[in-house]
Amino acid sequence: MRIVFDVGGSVLVPDEPDVDFIGKIAYELIKISEDHEVAVVVGGGKVAREYIRAAKSFSPNETFKDYIGIHITRANAMLLIAALGEKAYPFVIQDFRKAWEVIQLKKIPIMGGTHPGHTTDAVSALLAEYLQADLLVVVTNVDGVYDSDPRKNPNARKLSRITVDQLVGIAMEGESRAGGSSVVDALAAKFIQRGRIKTIIVGKEDARHLFDVIKGKHSGTVVEP
Amino acid sequence: MRIVFDVGGSVLVPDEPDVDFIGKIAYELIKISEDHEVAVVVGGGKVAREYIRAAKSFSPNETFKDYIGIHITRANAMLLIAALGEKAYPFVIQDFRKAWEVIQLKKIPIMGGTHPGHTTDAVSALLAEYLQADLLVVVTNVDGVYDSDPRKNPNARKLSRITVDQLVGIAMEGESRAGGSSVVDALAAKFIQRGRIKTIIVGKEDARHLFDVIKGKHSGTVVEP
Amino acid sequence: MRIVFDVGGSVLVPDEPDVDFIGKIAYELIKISEDHEVAVVVGGGKVAREYIRAAKSFSPNETFKDYIGIHITRANAMLLIAALGEKAYPFVIQDFRKAWEVIQLKKIPIMGGTHPGHTTDAVSALLAEYLQADLLVVVTNVDGVYDSDPRKNPNARKLSRITVDQLVGIAMEGESRAGGSSVVDALAAKFIQRGRIKTIIVGKEDARHLFDVIKGKHSGTVVEP
Amino acid sequence: MRIVFDVGGSVLVPDEPDVDFIGKIAYELIKISEDHEVAVVVGGGKVAREYIRAAKSFSPNETFKDYIGIHITRANAMLLIAALGEKAYPFVIQDFRKAWEVIQLKKIPIMGGTHPGHTTDAVSALLAEYLQADLLVVVTNVDGVYDSDPRKNPNARKLSRITVDQLVGIAMEGESRAGGSSVVDALAAKFIQRGRIKTIIVGKEDARHLFDVIKGKHSGTVVEP
Amino acid sequence: MRIVFDVGGSVLVPDEPDVDFIGKIAYELIKISEDHEVAVVVGGGKVAREYIRAAKSFSPNETFKDYIGIHITRANAMLLIAALGEKAYPFVIQDFRKAWEVIQLKKIPIMGGTHPGHTTDAVSALLAEYLQADLLVVVTNVDGVYDSDPRKNPNARKLSRITVDQLVGIAMEGESRAGGSSVVDALAAKFIQRGRIKTIIVGKEDARHLFDVIKGKHSGTVVEP
Amino acid sequence: MRIVFDVGGSVLVPDEPDVDFIGKIAYELIKISEDHEVAVVVGGGKVAREYIRAAKSFSPNETFKDYIGIHITRANAMLLIAALGEKAYPFVIQDFRKAWEVIQLKKIPIMGGTHPGHTTDAVSALLAEYLQADLLVVVTNVDGVYDSDPRKNPNARKLSRITVDQLVGIAMEGESRAGGSSVVDALAAKFIQRGRIKTIIVGKEDARHLFDVIKGKHSGTVVEP
């Protein structure tokens, strides 16, 4: 299988780098890479938010803030590269075609953000589409997709299985309403829909056992293409 | 003023390169650049569609097709560079920050597509946002924004003035319904909304008089931020 | 064997992309690449001519026109990459040394034009020389080398075997006289001569059976080093 | 005058980005740049230390840690770019010659780390040497050079004026003894010595008035070439 | 005027770098650049020949040898950059469009070799064509164009004025016969012809007074377009 | 084993390229690469010194001279690439991470200088550290480390075994005194110390038998980590 992992920055760097978690996830990725082709996209997290907030105090320029965020995602990617050792390609990848090339070298390509106007969720969906991946695994702060926002509604119910079309619906609603419960943004959801990419969305606990996750053992949400 | 122009590929290369129109638009841009800072984004057009259709026959990979389209937009950008002569920066720009640098050189930066998952409309909106442009001028095949699709509804009425929020609404409706009348895609519209960018949408006839368009003399649609 | 293929743009994109031919040639190249090392250079064709003609209307600058032509050859290269799928390296190669590296990855490097002042025929000859290729196969609109221009002289006779020195002679004559019958330009011919590269020149029909061509089954012209 | 500023990361990002200080320093730099040519090198600070510590838990590879630190210095550089607005060159500069080019554009080049094995102090000294700068201003956590470590010896006395040779002596002693009081590392000091660069070393308070510092009004240490 | 200078490597580095001559030529170029736009292409010389000869002993690969030669031409270019000081762009230029950009910065772009299969004479002719230069000045070991090889024929007569077509004729004859008297190679001559570039060919003595040369005071050969 | 070789420029290019020695060393490296991972850093030598001396006559700028030296080291690296044939990666490597990538391709990466302020000795030590190499072999003009300068003291005694700490001591003394006997500079020595890299220092004669050297058969000096 060819699998793309989308690891949220706030999972990797909740406050400062979560060394234990990064080490664990690296261990799992190496194990998975023995039988599968693996690529990873890493997000921004708390440090990114701090730097973006600082930039915002100087200028309202959203595109510029995206560039700052991209810088931090790349630093985060370097942490995962450190943990993966010689299994990782040592440069942070910035082009999907280069990610493909790294896979040919039997190494794991690690990407961060690539371009203003895109979240790293969107990057991971485009990468999965470009690589014609069999599976996209999204690791996020929430442990799956809920029928309403679990932070607000104590009765929110986690959905174990949804369609890509439902994912798009939830993501678009999430963008238009304060009480949305989206775990990926609408643009990422649309790329997942466009590419008909099978997707698994899991939380940090499941992510400690990614080897199981890709075999279907997890408590997250499966998005059917 | 700092002005970004978004020139649709099908306007520049309807069938083959429209030398007369490219020459006319270059003439206007040079005149405008005497008093204003100018940047241009160029789209794909018929050749792009042909190449993408060919690629599609080999693979359903949308991201790959985006890469092919980007190649053609850059060739189109080279045509405009040829017409602008020494006023244009001779490389096709691929990063918004480089576009800014070219403006400091008192030259006109020309961009094509930049990244999969984005139209050149979205590129022009991001560029306008990054440059904190005073105005975005969209030159397209339709001569403005209509209240319904003018190709289907003979009673469709052109709107001379809409808000960015209306633009987003029309663009999103355009993506969800066959009979939409959008001239820019939803993502581009959202960037225009996010950046609160004043936008003028005009057709090819108006584009022959861009010097007038930026002064408000045109029969297109003004999008108020 | 290490083989370089030089595929004329007007063969790949006679009017618009010839999907059937591109698919066929990709099929043959993949089959050949199972036993041989393969690299391909792609030319410009009709779209390149249209774009160059448009540029010419703005400026007599030949070097600039070369840059435009290079852009189109790269778009053409992308079409062949699409058809070759995972067997092709997904970036258009711009340096001979990178082509060598791609071959080490067991992939097919695809080049277009590289530098003003060179045709893609010259690029393919230099590439063959750099790679110390065993064979250069030129796929062109004419089905071989003739003793006079077959478009003008109905009695022109195809030559099944010539020397590199004869090739240079024919190419130089072709450049100096209107009625020349050259299939490669003089500079390319000189590089073939300098590198003592065994070359086969075939037409589009033969090119549909490249697997046979490299084994000597074709109706084109063999250039002996 | 041509002036290089070396701003320590722990000054810019003590815990999280010090927006107030970054804004103040940007204000001063813009004022200075009206009469002088200005270039800035930015260091790592707390975030860099956290990321390097995390990397260290995976591998003892010092060179790799340098690469991670470089990533963070570049993110820090982006913060200063944000604060400088259109006066800054928007890319983080990675080559001294490019810094020179930016100065020709009448913009301020901002650098971070460039290469493993070098601190950003060494980068700033090399930049000053390359640019043949008239002055290097080092902004650091300590407010000057002391005759012994002020954090350990309450009677440590700040030196208002030393020679470059003394600076090298202090820096080398600082590297060999735990109780050293160096503010720049030995390699940086040697580059300052080699280039005979007039240097002013000031603390954060003085740095809020850089416009005065370059005129000699400060309570830091002057290093005479 | 826009002027391209083509300075032969054996003029700059006859045995080792001719510091006196490099300094003199730099002085003249700076003086010229006060009133004119200037670009320079530098050749290989003795060191290039030594390195190429060494490479030849390992492999007959001509293209590879070109790459080695290009490396040395770039080192030679750096010498001229050193001598020109802040008037020169500090990177060796590798693309004609970048040379144009440097001219916009009011600096002198210095190029070496660019691509296998081209001499630096050809590079200078293409650069002159690309820049639409008013004049190309070739500085070479021979002090002009002769009607036969002055090293062999004591009665050889220097031609003070020839046409570009004659230049091509002489250059092509020079390549086909041992006793040719060409000062530029045939490819370079053809680019000069194609671009209709006014050219002055002078020896090292004249080159010490380039300021006079461009005003027509020299004992070399003028090539009329 | 993973082995980094640091080959001094004056060994490769004593006066002009030493073709015999380059060929011999290439032969040995190919033999070694059958069982080991190999990377090489090449220095400057006589040509570098000539070019740097020339640059010095124009400007005292040390950093600029470093850039010139780097150009020559890269030309030297090309000579070794020529001799290694298809076993070498054909581009001169400029980033340690790329060197690692080349090793994954089962090819030998060749580096020259990388950045001002570093000798190629320092580059080789950093490369060894980055690659976590098992061994660094320094090939230099002197045939090992002596207890005093063998060129001055006829009784100088070669040390067959020293510690990295002793190496640093000798190197630092060598920089501070005219009569030092250092074979690597202090910065390189410190990187060797920091990385705890086992190092063998041999002269040109031993270098003709590198295959033996790495097995411990040589008359040079072993530096124990």
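A, B, C, D, E and F label the chains in the order they appear, each numbered from 1.
We take it that a contact is a pair of C-beta atoms (placed from the backbone, for glycine too) under 8 Å apart; a residue touches a chain by one contact, two chains touch by 3 or more.
The structure presented is a predicted model; accordingly, all values stated were derived computationally and were not measured.
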{"item": "Mutual neighbours - chains that touch chain A and chain F alike", "value": "C, D"}
{"item": "Joint neighbours of chain D and chain C, given as chain labels", "value": "A, B, E, F"}
{"item": "Most distant chain from chain A, judged by the mean position of its C-alpha atoms", "value": "E"}
{"item": "Copy-to-copy rotation for chain B and chain C - C-alpha atoms, rounded to a multiple of 5°", "value": "180"}
{"item": "Approximate Å spacing (C-alpha centroids) for the pair chain B, chain E", "value": "43"}
{"item": "Rounded Å distance, chain A centre to chain D centre (Cα mean)", "value": "36"}
{"item": "Chain A-chain E separation of Cα centroids, rounded to whole Å", "value": "55"}
{"item": "Sites on chain D at which at least two other chains make contact", "value": "64, 67, 90, 97, 105"}
{"item": "Those chain pairs that satisfy the touch definition", "value": "A-B, A-C, A-D, A-F, B-C, B-D, B-E, C-E, C-F, D-E, D-F, E-F"}
{"item": "Chain D to chain A touching residues, read off their complex", "value": "16-17, 19, 22-23, 26, 47, 50-51, 53-55, 57-59, 64, 67-68, 71-72, 74-75, 78-79, 82-83, 85, 90"}
{"item": "Contact set on chain C toward chain F in their complex", "value": "97-98, 100-101, 104-105"}
{"item": "Touching residues (chain side chain F, partner chain D) in the complex", "value": "61-64, 67, 96-97, 114-118, 122, 126, 129-130, 132, 187, 191, 194-195"}
{"item": "Residues of chain A defined as touching chain F within the complex", "value": "86, 89-91, 105-107"}
